[in-house]
Amino acid sequence: MYVAVKGGEAAIANAHRLLADRRRGDRSVPSITIEQIAGQLGLAVDRVMAEASLYDRSLAALAIRQARGDMIEAIFILRAYRTTLPRFGTSRPLDTTSMAIERRISATYKDLPGGQMLGATFDYTHRLLDPSLLTDAPVEEPALRQPDDEVSLMRVSEILAQEDLIEADGELPADHVTGDLTREPLEFPMSRDLRLQALARGDEGFLLALGYSTQRGYGNAHPFVGEIRIGEVEVEFDVPELGFAVSLGCIQVTECQMVNQFKGSAKAPPQFTRGYGLVFGQSERKSMSMSLVDRALRATELGEDITAAAQDEEFVISHSDNVQSTGFVEHLKLPHYVDFQAELDLVRRMRRDFEASRQAGNDDDFMEAAQ
Amino acid sequence: MSSHADLATYNFAYLDEQTKRMIRRAILKAIAIPGYQVPFASREMPMPYGWGTGGVQVTASIIGADDVLKVIDQGADDTTNAVSIRAFFQKVADIAVTTKTDEATIIQTRHRIPETRLKSNQVLVYQVPIPEPLRFLEPRETETRKMHALEEYGLMHVKLYEDIARNGHIATTYSYPVKVQGRYVMSPSPTPKFDNPKMHMSDALQLFGAGREKRIYAVPPHTEVVSLDFEDHPFEVQKFDRPCALCGAEHVYLDEVILDDKGGRMFVCSDTDHCEDRRADGHVGELLAKPQEAAE
Amino acid sequence: MTMKTEALTGGFAEPVHQAQGVFKLMMDGMARPGTIQTVGGGGTVPPAPLGIAAGAIALTLCDHDTPVWLSAQLASPLIADWLAFHTGATVTQEKAEARFAFIEAGKALSSFGLFSIGTQEYPDRSATIVIEIANFENGQLLSLSGPGILGTREIRPEGLPDAFLRLWADNRVLFPRGIDVVLAAADRFVCLPRTSKITVREI
């Protein structure tokens, strides 16, 4: 006797219970704390904050724990929380020139005012598994030097600008209101502020692959890392009632300025052009990828031919959001049997027609052979 | 850092009032321009994109404390995602829910239109994955928007005609495009084309929400919804060559259920509420008519 | 800046549920053009001469994303303050910027032309105009047809602006562009989406 499937509710409740069990794992092992995640898996926390576009280390750590370490799931959880928060307004532009810098490198100059600062980087570590991390071996205190307030850490783009060899930073019309793609429907072509917002929220892996593709000839890029700087900047917010800006606190960001060769056009002289990346926390890979893609997406503005995926704004922006992508890819596991039934019926009918016409063809051949 | 104690305080029906107003304005314009896709600033919902976030945002924006909600997926109330969405609204809006089509004031659906004719006090909310009927012919939004603006739907007719040239008939079985009130070509969402005729001159308001694609569109009641076709190849719906094995219903959409690994299968109503109603009224299908034989 | 206390009162007592209720009436009204919707009491008391239904619609749909245009009689500091306090909406002098417009009873209309009618690509970016009239009983018999109407539906609005029928016919020709209208009389209203065709019934 056939009984229709029932009990979705109980199945869901049981699945959630099992999920909680698997998340907790072996009960004899202490559970991981939010402080441990925030403190010791800091780069995971940074990525979740960046792609969720919500700067809150402990909530990001909570999301990572809740998601069992699945980064996109954690980003999703934090975004779903972010969307319920009231929006008070737009901060003043961050002044990254006055960043309290922890790492700063330039690939275009051997030395420059303020110097190169390696900071906390994996760059020259040998990727050998480190047995000392199997235990809780003591870790040395870092050697830090006091910042020298006298030395201004001018940005590399300003050095080039002194010679007028790089395009201006670009300006939006005076009456331009900063866009927010989480609050307004998307429309193509986008203004650059919205595009940068989309890229800053975009999936690191997707942007990495696109940025990489521009280096391999899909998009004609000749990039140099003008500068990457990581450090803390102050966020200021204008309060109309007060008539001045108040500080909301400091956040860590990674900024990348990519410098690209540009041969010039009828209107513009030969000069370097800019690609820009800025992300929450410490993520050079993301900010570099972002600046490569930002530059590639300026093709139309600079009068370049659009030949590659990374230059195609609608393609890039429509597919850069991993919460959207994962939702739609994974929705394929939802039941589709109603539509499948319709397709099944069609394929069966077409197959019958096909067999019938082949049979008819065979009969004709037989007749011809017999004659 | 924020205070984490009050993380879980949400407004009635989850969405904040500002978001609801934005969606409500989009819904009203959608009704005023039948079949036109209104862009809206879709919010990140606490369920994945592609899993009904558009439908959920529409429902959350229209639902009131006195509404009675029914949620179906594939025609059934007990599919897991339908259960999950229904539970969501019970939790965030504390509203009454039902599986009875007749009792519902709002029916949120994925992939089916109920068999029972809808009434004027009901609203049907569709979950829509790809709202743009021209998307698979032209992936660019910038281009498809122009086509709608100019009422330039030749591409769609060419596609359907190529089907006929190749197969002798139109090989589209679901998401079958319709024209609304003689103007906009619209996707009915991935409902089987079997359901298309139910959209035409419906007594109920039909709202469509696409969360990931950020579009809302609508068909007001008593509005012409015509499936695209050709004079010599008129639109036809699927026909099933047997009735429902449980309730004996004909002219309804059936699910194929595989019974064993030897090719045994049966066909039962996709609309589970309709099937239960019929059985309660004493209708009996082939399988239930001979339980003795089946047991022997 | 000082606000009169009248600007601070007369909003929704229960904003979440009342806004849903009025929206539901609007949705039903747009979906079924010509049907009379009644806002009822509920404590909404907009400053005169803004009507109860018109005020309730403003409370339901307007906010700081929707600039509002007010006709001369309505464009008082009190009504502007009331809108600002209860909805966050700002009053604009530019018809083209307005997402909503409120027009007092008896106002002569020369054209809808300066209000946004949307574009062929984005016909939704058009104004919704709420026009106060006298009543829905004693006016000329008008017959509506179009989406949302099975056959025809009759209305008898009294106090339509003089040129309204001609302006409406002009508006329909623009489809899919065009404005949408709400006729309001005290606590009742009737929606006229751009798709509705109006013909004068000879008796």
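Labels A, B and C are assigned to the chains in the order they are written; within every chain, residues are numbered from 1.
Everything below uses one rule, namely that a residue touches a chain if its C-beta (ideal position, glycine included) is under 8 Å from a C-beta of that chain, and two chains touch if they have at least 3 such contacts.
Quantities reported herein were computed from a predicted structural model and do not represent experimental measurements.
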{"item": "Most widely separated chain from chain A, with each centre as the mean of CA atoms", "value": "C"}
{"item": "Most centrally placed chain, judged by C-alpha centres", "value": "B"}
{"item": "Separation of chain A from chain B, taking each centre as the mean of its C-alpha atoms, in whole Å", "value": "33"}
{"item": "Between chain C and chain A, distance of the C-alpha-averaged centres to the nearest whole Å", "value": "44"}
{"item": "Chain B: positions in contact with at least two other chains", "value": "39"}
{"item": "Residues of chain B defined as touching chain C within the complex", "value": "11-12, 17-18, 20-22, 24-34, 36, 38-39, 61-65, 120, 145-146, 148-150, 181, 183-184, 201, 205, 218, 220-224"}
{"item": "Chain B residues touching chain A - in the complex, by the definition given at the top", "value": "1-2, 4, 7, 10, 14, 16, 39-46, 48-51, 53, 73-76, 78-84, 87, 110-112, 129, 140-142, 167-168, 171, 173-175, 190-194, 212, 214, 238, 245-246, 253-257, 259, 266, 268, 270, 272, 287, 291, 294-295"}
{"item": "Chain B-touching residues of chain C, taken from the complex the two chains share", "value": "15-17, 19-21, 23-24, 26-28, 30-32, 60-63, 65-66, 99, 119-124, 126, 128, 146-150, 175-176, 180, 193-195"}
{"item": "Chain A to chain B touching residues, read off their complex", "value": "1-2, 4-9, 11-12, 56-59, 62, 76, 79-84, 86, 182-189, 314, 318, 323-324, 326-331, 334-339, 341-346, 350, 353"}
